[in-house]
Every structure is written in structure tokens, then in C-alpha cells.
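Chain lettering (A, B and C) follows the sequence in which the chains are written, and residue indices restart at 1 in each chain.
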């Protein structure tokens, strides 16, 4: 009996090999580069400086300020994102559609026409990585935390807006529809019909995203958007291993604390 | 002597006593059935003989050596010569039958050969021959999760046959099969054992199957051997003593279907 | 009592939000002043006419392929390394090895890809090699942890049965354990590849090659038409990989 899987497996293996060769050459993968004498020596010295991490008083003061700056960038950025995402989510959601009242929950075509641009905008805002926005803003408004705040505000507005819209639609639409049917304004229907049930999920997701925003703020610092990341980039360029080590440690602790805080908030407030 | 068990006892890790004072002598080429109530220790005894479990007391000789006096490497080589048919066939659901059966010889193949076999079966003909003996030749390239319970058990048996061991242990090998298929499969197993000169030890629930297909029967109850006789000499009283269960509530036998007396007027 | 605490927490949150703005001293008024808006408008206008000339499209094609290669090879390396680290992390080689492996995986995961890229540029020089290595390191941490959980949850009987019949440890793993966890490993790897495509695009910002390096250069030289093209290329690449990953997951893994 012939093995029916023989031919597909052979073809798949050949395909994989055919793709592997150009893949390796395009990515220029070269593990040996890590061990070349010049590189290895510099890197070895750099890593050797990691212990003990830098702890002079003025460096620690700089580190403290940079950490606060990162926290502030994340929080301020999320605040702006919230302010943008709430109306965007309302516009993009079908939960408050008047036309849907008379069609069993599905909006009319002109209702969809109004919603799709908002959804499209949210998709574009989300799909461009936040660091690209950060780079653009750094060029537009200069180095420093402002660029970071704006980048987070825009990208996370996209993410939050989409998720808020989904939350509004997933909540039981009965109360809202009843209010709309009784003649209440859309805003009133939202505040009294949708918000009470949706608030918990919204808060939970937003706090989770805030955690991500902290990591993103550090990463954006590498293109000049301020905070811990920018300092780390400077120290790396100067090959100051002890400073980089200290900053990595602070970053890891920061992420850990943010995780704990977010768990606490999510369990208490939802 | 193929198997010698000297006063072996087994206590599980959680403290339950599985076997006590087991003494056995089985010659090469014998066919033996293990019978007994559920939880009697048949599976523990078989796993002990397969060297999966280590005795808490006593010692045993398998195929000429005491497995627990050997180095780990030598024990692995001994295990190659012992095949265990598991009660639930240990076959990954998405694996194909041809690969699952050929895994029986992994103890004899080098690693490169084993890896190559995974990509493309190297001895499909040999595997098919074993499956044909169990009427499963057409399932050669089927996936294990496409088989019924009885078919899966037969694949498990085929795997152990493909392994070509000197000692074949079978734990409830036909429990998922209908009575006719079960009898047929046990008959096949017995024939194969005689043809290849294997020692065969099988545990069974169905007493009649045991008495029909095996010349020697061992009764196990509560971790001890109750009797060890040729099949023709097992008495009904011994069987009842083996299976008596004090914990099940006794029930009144249903009223017999005797015709009611009809009054004649 | 608990309600009061909740209100206090909410109040603290609002306070934190306001405080962050004051700390950063962002000059909002300056941002939306007519001058600033005009400046940003000019800046943005340059992006509205992307460069679609033939030569530049070829460069973009090469950059996109390089980014794709970085993400694919990086994820492949990560899957291999992750599987290797998952074995001790799932407890198969003892407690000490388990703790050490878990610590290593956590460290690899916690450091963001871009930071790894900056470190790899230091260690191995500029170019896509650094980006590939950075992705491999970070993703190995993520996949290693996922693989370890999959290994812990898979039944051990098939591999034990092979060992009991005299088979070696590697053979027992490959014949007994791997067939069970294989679909999960593949699914996790594909999912991370989707994410790595996005990351690979931007690692070039620290010099690690691909579309990111092209974008960084064109922005530094104020070549906004080219920059706009690169951003479009990034978007297309992400969409294409998302679609392919969804199709392949549905085709190979829903059986």
C-alpha cells in the first residue's frame, strides 16, 4: 500500500527548505557575529560592568525622575486615549442605533455608513505601531515626553475605542432600547442603559492597557520620547553597563509593580 | 524458567497494599490467564512483571536476570524483550496506526532510524503483516482517533507483536471487544504465542474466555494468589470464592415466571 | 467600608491622572496654537503623496522581504530554543533545572524586543542580524513558557509505554509526547509570528534592518514621501501576514 501522506510531506519539506535558504540570507542570520573577537570583547566588558549596578546618589536621582516621567507619560497618554475613545466607541457601536430599534437590532444601511468611517479610523490608529507614531511626533514636536504622550493617546484610543464598542454591544441592549423607544436622548440612554453594566469591563480592560502603556513608554523612549527608555538609550550608546543594568532592574520592578497594582484595581473595582 | 517470583509484596506510594507474598514460577512458552475481581491486583502484578513497578519486598527473576539488580542501561535492554499490552492503549490520538505500531521496535532501532521512520514509515510491509493477523490491514494509514475501542485495542496488541518480545504480558487485552471478537482475538494471540515460542500472561474479566483459551489459570484476590491450576481443574467453588463480594447489597432473585394457577370454576 | 475604599481608589486614580499632566508640564496651549498647528499641518502634508516610483518600490519590496525573513527566522529559532528550554521548565530534569529554566524564560520575556534589539546591535553590529537575534531571544521566553505549560498538561502514558518497551528517552519524547502537543506548539508559534511581524518592522529604529531602518532614515532626512510609502508597506505586510496566519490556522489546526 502506498503511503498517502508521503507526497504531501515531501512537497512540504522541499517547500520549507526552499524558503529557508532565502530566509537565512535575507535576515543575514549570523550567530557567529556574537563571538567575533572585537564584538565579544566589547560585549564582555559591557556585561561585566553589570555587576554592581550603578548606585551613585545623583544617578539614582536621575533614575527616579526618569521612572516618574515614564509613569506620567503612560498615565497621561491613557487619560487622553480614554477621552478620545469614549465618544469614538459610542459612535462606532451599534448599541445606540435608533434605526436598529425598528429592525430587530440591526441598523439600516445608512446607519452602517456612518459607523464604518469611525471603525476604519480606529483600525488605522491601532495598526500603525505606537513607536512609529512616537517617531513621527518626535520629529514634529521635538524630543521629550510630549511625543510619547501623543503617541500613546492615538494608538490606545484606537484599541480602547474598538474594545469599548464591542463591550457596549455585548451588554444586554434591552434597557437602552427601552429608553430610546421612550424618547430619551442617546446620551441619556447610554448613561442609564449601557454604562452601569459596561463600566466594570471597561475599567478592567483600561487598567490592563495601562500596564501595556508603561512598557510601551519605555520602548518609545528609545526614539526620543522621554522617560526611562531615553535614558537607557543614552547609557547604551556610552557603553555604560552599570547604568544600563540599574535601569533594566528598575524597569523589571516597575513592570512587576504595575502588574500587581492592575490586579488590585481590577479585583476591587469590577 | 522464564519467570520466578519469590515472596514479592508491593505497596503503592499512597500506602495501599497492592500485592502480598506472591510466589510464581512460569516456564518459557507457557500460556497463563490471570483472573480475579476488580481491584484484586492483576494490573499491579502485570506491571510488576513488566518492570514498571519495583517490589517493596521480595525479588523476582525475569528471563534469567533480576531486573532491579541491573544497571539502568541493562534494564532498558531487558525491557526490550518484554512486551506489555496496556488496558487503555497508550497511543497519541493524532498518530497514524503505521507509526503507532512501528513504535514497538523503538527499543531496537537507532535514534536516526527512529526519527526517519517518523517522517516516512520504513517498514510499512512488516507493520501491515502484523495488522493483517488481527484483521486490521486496511487501517494501516488511518489515525488512531478514527478507530473504535476494539480496533484501538487490537492496534495495541499489534504493536506488542511487532516488538517481537520473549515475554508477552496483556492487561485486559479484549475488554472493549464484543464476545465473538474477543474470543477470536484471544485465539489468535494464543496461536502467535505458540508459533513464536513466547510466554504469554493475560489478565481477563471474562472467566469463560480464560478457561477456554488458556491451559493454566491463576486466581488473584486482594493482592494474593488464591489458586494456580490447570484450566480443566478449576472448580466452581473456587471461582465463587474468588469473586464473592461482601460489600454489594444482596438482592432477592426476581420471582420466577411460573404460570399463575387459574382457578377452575 | 468597602464602598468608601472603592471611591477613595477612584479618587486616587483621577488625582494621578491630573498629576501626571502637571508633572510633564505639557504645553497644550502651545500645541494647539495656530503656529504649531500650521507647522504640524505642513509636516503632515508631506505624507500625503507617497513615493511610488519603480526604484523605490523595489527598495520597499526588498525591505519588506527582509522584515518578513527577520520575523520568520526569528520565530523559528525561538520555537526551537523555546522547546529546548520548555523541557526543564516543565520539570522533566529536576527541581533545580526547573527553577533555573523558568527564571531564564522570565528574564527573556520581560525585556521588550526593542531593548533586546538595541543590545544586539551593540553585540553583533547594525543590520537585520541583530533584529533576528533580538526577536529570537524575546520570543523564546514567551514560547518557552507556553510550551512548558502545554508539556505539563499532556498525558505521560504514551511516552512511558515506549520507555517500558525499551525505547530511549528521545525516541519516547518524539513518538509519545510530541504528537500530542504538536498542534498547540504550532498554533502558539504562528500566533507569535503574527506579533513578530509588527515588531520586526520597527526594530530597524535602533538599527536592526528591515522596513524600520528605512523609515528611520527617511524621517531623519525629512524625505516624507518615502516615509509615507514605508508606512503603507508596513500596514500591507501586517495585513497580509494576519490573513495568512488565520488561513493556515484554520486549514491545518481545525481538524
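Simple rule for what comes next: a contact is a pair of C-beta atoms (placed from the backbone, for glycine too) under 8 Å apart; a residue touches a chain by one contact, two chains touch by 3 or more.
Keep in mind it's a predicted model, so treat the numbers as computed, not measured.
Compare each chain's C-alpha centroid with the centroid of every protein C-alpha atom shown, and the nearest one belongs to C.
Chain pairs B-C and A-B differ in how many C-beta pairs they share in contact, with the greater number at B-C. If you average the Cα atoms of chain A and of chain C, the two centres end up 12 Å apart.
If you average the Cα atoms of chain B and of chain C, the two centres end up 51 Å apart.
Distance between chain A and chain B, defined via averaged C-alpha coordinates, is recorded as 58 Å. Every residue of chain B that touches chain C in the complex is listed here, in rising order: 50-52, 76-84, 86, 88, 90-95, 99, 103-104, 106-109, 111, 114-115, 118, 160, 163. If you check the complex, the residues on chain C that touch chain A are 5-6, 9-10, 13, 16-17, 19-21, 23-24, 26-27, 31, 36, 39-40, 43, 65-66, 68-70, 72-74, 77, 110-112, 114-115, 118-119, 122-125, 127-129, 131-133, 198-199, 201-202, 205-206, 209, 215-216, 219, 231, 234-235, 238-239.
Against chain B, in their complex, chain C makes its touches with residues 157-158, 160-168, 170-172, 174-176, 179-180, 182-183. Taken together, the chain A residues at the contact with chain B in this complex read 1, 3-6, 9, 13. Residues 19, 22-24, 26-31, 33-34, 39, 42-43, 46, 68-69, 71-73, 75-76, 78-79, 124, 127-129, 131-132, 135-136, 139-141, 145-146, 149, 215, 218-219, 222-223, 232-233, 236, 239, 248, 251-252, 255, 265, 268-269 of chain A touch chain C in their complex.
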